[in-house]
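Chain naming follows the written order as A, B, C, D and E, and within any one chain the residues start at number 1.
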Amino acid sequence: MGNQIAFIVIAAVTIIAAACVVIIPNILRSALFLAFSFLGVAALYILLNAEFLAAMQVLIYVGAITVLIMFAIVLTQQLMGAKIKQSSRAWWIGAPVAVLAFLLFTTSFVTPFKHPTSGTAVSIASAPAVPKDFYAENEQARASEGTTPKIAEMLLRPYVLPFELASLILLAALVGAIVIAKEENE
Amino acid sequence: MDLSQLIKDSTAMICVAPVLMLTVAGLLVLMFGVIADRFPKGKLNHWMPPEYLSIAVMVPMVIFGFAALRSAILRPETLRLFPVGGQPGSPLPAYLIQFDPLAMFLSLAAIIGTLVVVVMSLEYFGDHNQRNRGEYFALLIFATVAAILLACSTDLLMIYLSIEFLSLASYVLAAYWKDDPKSSEAGMKYFLFGALSSALMLYGMSMLYGLTNTTNLAQIASTLASGQALSTPAALTAVILVLAGIGYKLALVPFHMWAPDTYEGAPTPITAWLSVASKAAGLAVAARFLLTAVPMRSDVDWYTIILVLSAVSMTLGNMVAITQKNIKRMLAYSSIAQVGYMLIGLLAAAASHNNPANFGLAGLLIYAASYLFMNLGAFAVVIAVERKTGSSDLAAYVGLMKRSPFLAASMVVFFLSLAGMPPTAGFLGKLYVFAGAIQTGQKDLLILAIIAVANSVISVYYYFNVVRLMFMNEGEAKSPIGLSKPLRATIILMLILTFAICLAAGPVVSLAKASVIL
Amino acid sequence: MSSWILTLITFIPLAGALLLMFIPKERPNTIKWFAIVVSFVPLVLSVIMWLNYKTGAAQFPHGIQFEVNLPWISQLGVNYRMGVDGVSVPMIFLTTLLVPICLIYSLIIETRPKEYFWLFLVLETGMLGTFSALDFFLFYVFWELTLVPMYFLIGIWGGPRREYAAIKFFLYTLVGSVAMLLAILALYFATPAPHTFDMMAMAKAGMDGRFTTLGASLVFWALFLGFAVKVPVWPFHTWLPDAHVEAPTAGSVILAGVLLKMGTYGFLRIILPIMPESSQRFWMPLAILALISIIYGALVAMAQKDLKKLIAYSSVNHMGYTMLGIAAAVAPGVLLNDRATALNGAQMQMFAHGIITGALFLLVGVVYERAHTRDLDSFGGLGARVPVFAGLFTLACFASLGLPGMAGFIGEFFVFRGAFPASILITALATIGIVVTAAYLLWTVQRVLLGPLNPKYEKMPDIDVREKLCVAPLIFFMLLFGIWPKLLLDILNTASLAIGAMFK
Amino acid sequence: MVPLSWYITVSAALFSLGLFGMMTRRNAIALLMSIELMLNAANINLVAFSSYLRGPALTGQIFALFVITLAAAEAAVGIAIVINVYRAVRHINADDVNLMKW
Amino acid sequence: MHLAWLIPILPLAAFLVIIFFGQNLKERSPYVGIAAIAGSFLVSCYAAVTWLAGHGKTGDFICNWAPYGSDMIRVGFSVDALTIMMLFVVTVVSMMVQIFSVGYMHGDKRFPRFFAYLSLFTCAMLSLVIANTLLLMYVSWELVGLTSYLLIGFWFEKPEAMRAAKKAFLVTRVGDVGFFLGLLLLYANVGSLELSKIFEHHTLIAMAAKEVSIPAIGAIAAIILGIFSYGFAAAALKGAKRLPIAIIAGVAVFAIVFALMHSLSVSLSIAAIAALLLFWGAMGKSAQFPLHVWLPDAMEGPTPVSALIHAATMVAAGVYLVARMYPVFHIDQRALMVVAAIGAFTALFAATMGLVMNDIKKVLAYSTISQLGYMMMALGVGGYTAGMFHLMTHAYFKANLFLGSGSVIHGTGTQDMRQMGGLRKKMPWTFLTFAIGTLALAGFPGFAGFFSKDEILLTAYHWEYGKIIFYAGLAGAFMTAFYMTRLVAMTFLGKPRDPSIHAHESWKVMLIPLFILAFLSIAAGYIGIPGHSIFGHYINPEVIGIEGMVEHHFSLVVMLLGTLAGIVGIGIASLIWIWPVLKFDWLKPSFGWVQTIVENKYYMDEINDIVVIKPLMFVNNAMYAFDRWVIDYAIVNGVGWFTLILSRFWSVFDKYVVDGLVNLVAETSKIGGRVLKFTQTGIVQQYAAITVICVILLSWYFLILR
């Protein structure tokens, strides 16, 4: 029960912050709200017993990406403030589409998971009501010991290829970002 | 296969050689470029410009690519690497990547495309942008690595990583010509649209994972087939979302919106690269994802979706291409249309339940190979004209026959091929995909084939609109257009291959037929 | 030699074209004469071939001679298979005859002669290949190969609306050929495995009744569309007037003389042997379309004010006879001799129309070069001023209206004779075409040649040597085959018997 | 305990908000932020499934980890491109950057 | 007789020589033509002699012409009595005409070409005559049409000439279609076009036995009659006076139409159908009603052409065709009845028009039509021998007449008889020969026409289906005599009416043919003296294998009646035109109403009008109006106009509908392109929106709607 309350609070914060990100005109402020939203997500990770990921979320998203974004905003916003109307100008199309999308995702994705353990999966179409035995029903399945060592092992054993690939991607991104962003001094 | 076993197995080594060597080569070119840029008085750049180095490293890559394809075909079993657990309790093994003939075939296409693009870049940049060329070529090579990995991926994670890798490199390359605001704009649009698409795809992947408890394609398929998945309608939505990401790579309607702007704005060699190499990888992943993760099922009815999108793609692409005033933009729409044709092959393969006797998948491969050469040839001509006139507008092509008969005639051949007229490569490609469609004997595919042939007639209209400008409008007398030796050689090579694929179709057909295993 | 003669005939023009590329364009006369000399080689060879062709009764697949059959794309069942029978030998001769004539006529081309002659030689290869290919893949390659040079010939050297006409020609014919492509593929998969594009194998499969299922009618109509556009059968004919009017004279000659024949040739070579059941099932629609073409073509021709357009529509009319012959030849319950007669007529009409309309277009070109107009109402009384031209023109017109003693009559007579047992009503209605044809051609002669001389043309020079040289052989052949049709019919009949024997 | 569907609902909401931002914001960096929201939404899904799905494998978390990494790379490249655009046109309003259209 | 092929070939050679070397030959070119025709004449003589010596057996010249299927079309020449007769007619008349033309055409700028065309015509006509297969006949048939076209339009600068040429070719071509269809029908039923095969007895029997009912004939008749009534209406609108008549006629016609539609379902034998189709062709060539309209116009050609082609030979080809195919006609009497009816009607109809013409050549033209009708009538009533005999005599005297008129025209420079008069003195030789021809035509005893006409009347008299044809024949004889007398009177007798015309006698080269033909106009009759007919010995139905035809013996009554008709015609005409005042004065006391006329002391035109012409005039004018308005205007022109309008319509249809459909597709794709490209706004947010919307719509569609 406590978990649920915590979840509701965190989820509310995350979603409201996210909403602020996409709605409020001042872009610097929306970047700040973005950080809040990221933090909320990190909290959700903790709720899900993914401490390592939560840490990463805070470090990378809040610590790196948000800061990067803020730098970029400051760099490009010579006309700081709200002089240029930053708010959505096509909200009338964006809003219904987003609502439709939300409805789509909830109907098609959320509905089947409403009662994952009861064996009465409800789906809008004629999905077979087969018990899905690969969904755990309680928290003890989520290892009481931390997941971090396991993640570490997986990363370096079976997932070594993506791991190395990620480094290559980062290198490429780095090089690319530098090449694109740097001023030509000639 | 384990890594230790891998080292002992020479054919397996040959299979992985291209991707490994390309990575090394990319790093080499990158380092060399960085050093050369800082070398006193640019002496190193003068002595060994990065483009020549890139050519030097890419030529063996083509050979490696061929060797890899050959060994992938000859291997009794497909080389699969990096086993992961995947779904608990699943009897199917889960691997991250596999080096099968289909992937190797399309990888080879990507490698050849890269080589040609490198040569074209040589001409395109010329004296411009002396610095940072090492990075440019390195990124190009990295992008090729990403393309190959994408073609080989058998896991959602790997697909996501490879697509992102490919995209990131492509964004940078599209925005590479910093002097040109169009290039920056192209990069930005490409980036924003690409990020959206990959987010959509990622969301879909996450749902697929949730529904099947695995990210391995084969296991997803078996789970869906066993009815263990929680909800197949949800799976369909997830598949549609994943298709958004793949469709974006293919420039398939309605995920094509980036293509015209990016094609127009990006440096022309990059446009060429995007249209062939990137698309080849996209085709590979489309085939693999659709055919292995969600094989033909009535409940996960991606077949109908692709059928519709294919038809819409070619119709829209061809129709809008008619009104274009810029040749790169026109070729962008043309490439949107071409994807529609290629997907017919995929659909035929799906409709025949991956029967290797079906012409569809082989058709897709042949079409991709044909498209590689004819489109690169066309872009090579575009580059030659752009170099001289500084424009890629159709107006620059008025009276091209007078200015350079060679370029004009070559362009006609490439356009004929793009339109699917014999005796050029495009004809063989079309013949094969249509054959695949007809072979299934399904009415919907027949209708699609009819739409496709009707579209190929429309396409002649705009291709020959350019031909008309080149040959029938005299224009005011203008200076002839010279042509550098590498570019001329490239065009001649593309011409030869464009004809050869139809007139000496044997090797390509054999290769493609042998490569339909995935 | 005997098996390679076809290859030589087909590819010598292409080889010539390739060599032509090395002649600098500053030397137009060298280019022109080189091309002309090259184009005479296939003519000589085709005459040799004709003379060596052994006529006589033959079953369909065995009438093929001078055959060469080599594997080409074995993975796909594609062979390099060429061969000729009675249908194709005269067509090849017609092509090789018309091309040198056109090239000689084109000596006056001033703009971009190199490209012009180059394209013409490539076009010749395409046409000859179409008439000699026995493999569907090969056939299709050649078939499409003719499209592009003709597009350029119309588009660059044509009249004021050349670009429109060129692309219209291209697209229109392409619609037909892509439909044909799908049909080819369907046929391909209907052959026994391993599938093959070999026409003879397909014909054999067709005789074995393998094409009765599998939406055979759909395949039939797709093939029909492919060829009907080319013929052109009403209502697929509207590209023709535009293309003919805008094309340069030599282009019109080739267009009317050879390219249209490719359509009917397709019926004879492909549709009838490969899909006999469907052909027989749909003979009536074919015949009705042919009938409409005949009457409609004639009526519309009558309304024309432009001389070239008039002749263009007359092509619709005349090719209608060919189609009628083909349709009647497959009607159920007709005797073999009647079928053979109808086919003889259709083929004769093809040949005759080729030379007659060719001559007419040349003559229109002659008058156009002098008067710079083709408006029928602006002429008048030229007969007094240019008697030789007038004689030739009148002769060609009478040949065209089917006057006995000239080749056109033989074709029409045999077509009507062959169609009569199939359907008396259609034959009788088609005779309306004869009268209307006579009417518009006589009216044309009247408006151009007769009456008081238009003072504008008082100084008009008569036809010159070059032009005479071009028209003379055509006139010669239209008289020769008109008076002594056996020369041609012997070879045609061989094929007709073979094809006709496939029907019951 | 928290039902799995709650997480998915939050994720869907976050994703839809991201979509909304993607369609309505003008500033290119704001668009970038919207994309980050969408990636986070996907990550929530992945991690939630990873936790709720039976079995030892933590594939979802691994996946999410890579997504975070790539998000960083993407942000870096994206911002570099945005700055590049800014240099060319002195603003970063994505909807005013339309030299090329139609 | 393997030389028969030389007969047509010689003129052909002459044609080729003149056409290619005419520029060099110039004035000498006639000699080539005349030499060639003389050669043909000699070969014909030789052929006749061999044929006589061989007692009707000659070797045919046959060659393989065109293969079809497993069979072969063979063409060739064969000689029999009928052909020999025709050969003499053609070669003699042709030779005469060519000689005459040397003088007549002297000074024409296309002098050589004229003779080339004449030679070509002769070639075609000769091959038509000696052809042994229907196909070769058809070929030659068309070729004579061609040469007729070329010769009528010889002076093509004259618009009337070129129009007449076209009209001639077209109208005969309409007939040719019938010939062609008949030929096809025979071919389909016999399997060959060789005459000997067609005439095999069992073939004919089989064809006669096979009855075919033609259901659509009612509708076809309705259409045809509808067109006729349209013509009536058109004529009525032009001359408002005749409006009521026209309306009545129209109503009547429609009544007939309805009757036909409801009652007629004609059943005919194959033989009859084939025969009638062939007869249709013959009607075109031989200018039978209603296809006769071209012949008067054809008089625009040079007069020697009219003599040769449009009087003596080509127009007789139709008659010859019927005679040649007589077994087919004879096997089913219904066909012959139609022939007889149309022949008789044409004979009368044309004769009435001949009465009112003032153009000398037009009178002769109508006379020719009338005489051809006479021949057809004769064949129709079974007078095979009579018809052919008349064909031969007619050829000579009509050629004579035409050449005479040519001489007149040459001498006076006009064709209008009202400007002539009194030429007897200035052109005595011409008058003499002309008079002989006239008497022959009028059937004056002792002249050629007398014998042949007598024979015809005799056959008609004995016709088993009634006497009506006989009376028609008598009326025809009367009218012929009447108008010919009028012609002679107006032209040669009396006093010169136009002082501006200075007539002169023609050259000798023109007179000699006239003499020869005049001689023949008398002499030709004597080979067919009733009872001792040499002609009838060789040319009779039995020769061509028709059994059971009764040979009618000479009948004095018939002969007297016939002669009387002619003489009365001549007499009355003479009374009116030659000695007008005298005669009427003499009649005044007895006939009051005549006296009134005499008292009027009017010129003969007036008398013409009141006494003789008026009653006839009504019929004539009605007929002529019918001719001009109904047939010419409504049918020929109407069909022409209709086709033109139709063709215009199709042309528009083509441009906007057929082509429009195609363009519509093209435009749709262009417009589609234009519309669709506006989705590409260049604004990336909108791209995102479109993509997302598409994804959502796709998902929704497949989730919910399916």
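Going forward, contacts are C-beta pairs under 8 Å (C-beta built on N, C-alpha and C of every residue); 3 or more make two chains touch, one makes a residue touch a chain.
What you are looking at is a predicted structure, and each value in this text was computed from that prediction instead of being measured.
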Chains touching both chain B and chain E: A, C, D
Maximum centroid distance from chain D, chain identifier (CA atoms): E
Centroid comparison with chain C (C-alpha atoms), farthest chain: A
Chain pair showing more contacts of the two, B-C and A-D: A-D
Between chain A and chain E, centroid-to-centroid distance (C-alpha), Å: 101
For chain C paired with chain D, centre-to-centre distance based on mean C-alpha positions, whole Å: 65
Centroid spacing, where centroids are CA-atom means, of chain D and chain E in whole angstrom: 96
Between chain E and chain C, distance of the C-alpha-averaged centres to the nearest whole Å: 38
Junction residues of chain C - those touching two or more other chains: 171
Sites on chain B at which at least two other chains make contact: 84-85, 87-88, 157, 161, 164, 168, 171-172, 175, 178, 187-189, 192, 196, 200, 207, 210, 213, 233, 236-237, 260-261, 323, 461
Contacts with two or more other chains, residues of chain D listed in rising order: 8, 11, 15, 18-19, 22-26, 31-32, 43, 48, 53-57, 62, 66, 70, 73-74, 77, 80-82, 84, 87, 94-95, 97-102
All pairs of touching chains, each written as two labels joined by a dash: A-B, A-D, A-E, B-C, B-D, B-E, C-E, D-E
Residues on chain D engaged by chain E in the complex (per definition of touch): 19, 22-26, 31, 94-95, 97-102
Chain E-facing residues of chain B, complex: 188-189, 192-193, 196-197, 200, 233, 236-237, 240-241, 244, 254-255, 257-258, 260-261, 301, 304-305, 315-316, 318-324, 458, 461
Residues of chain E defined as touching chain A within the complex: 685-686, 689, 692-693, 696, 699-700, 703-704
Contact set on chain B toward chain D in their complex: 84-89, 156-157, 160-161, 164, 168, 171-172, 175, 178, 181-182, 184-189, 191-192, 195-196, 199-200, 202-203, 205-207, 209-210, 213-215, 260-261, 264-265, 323, 329
Contacting residues of chain C [partner chain B, same complex]: 72-76, 78, 115, 140-141, 144-145, 147-148, 151-152, 155-156, 162-163, 166-167, 170-171, 174-175, 178-179, 181-182, 185-186, 188-189, 214
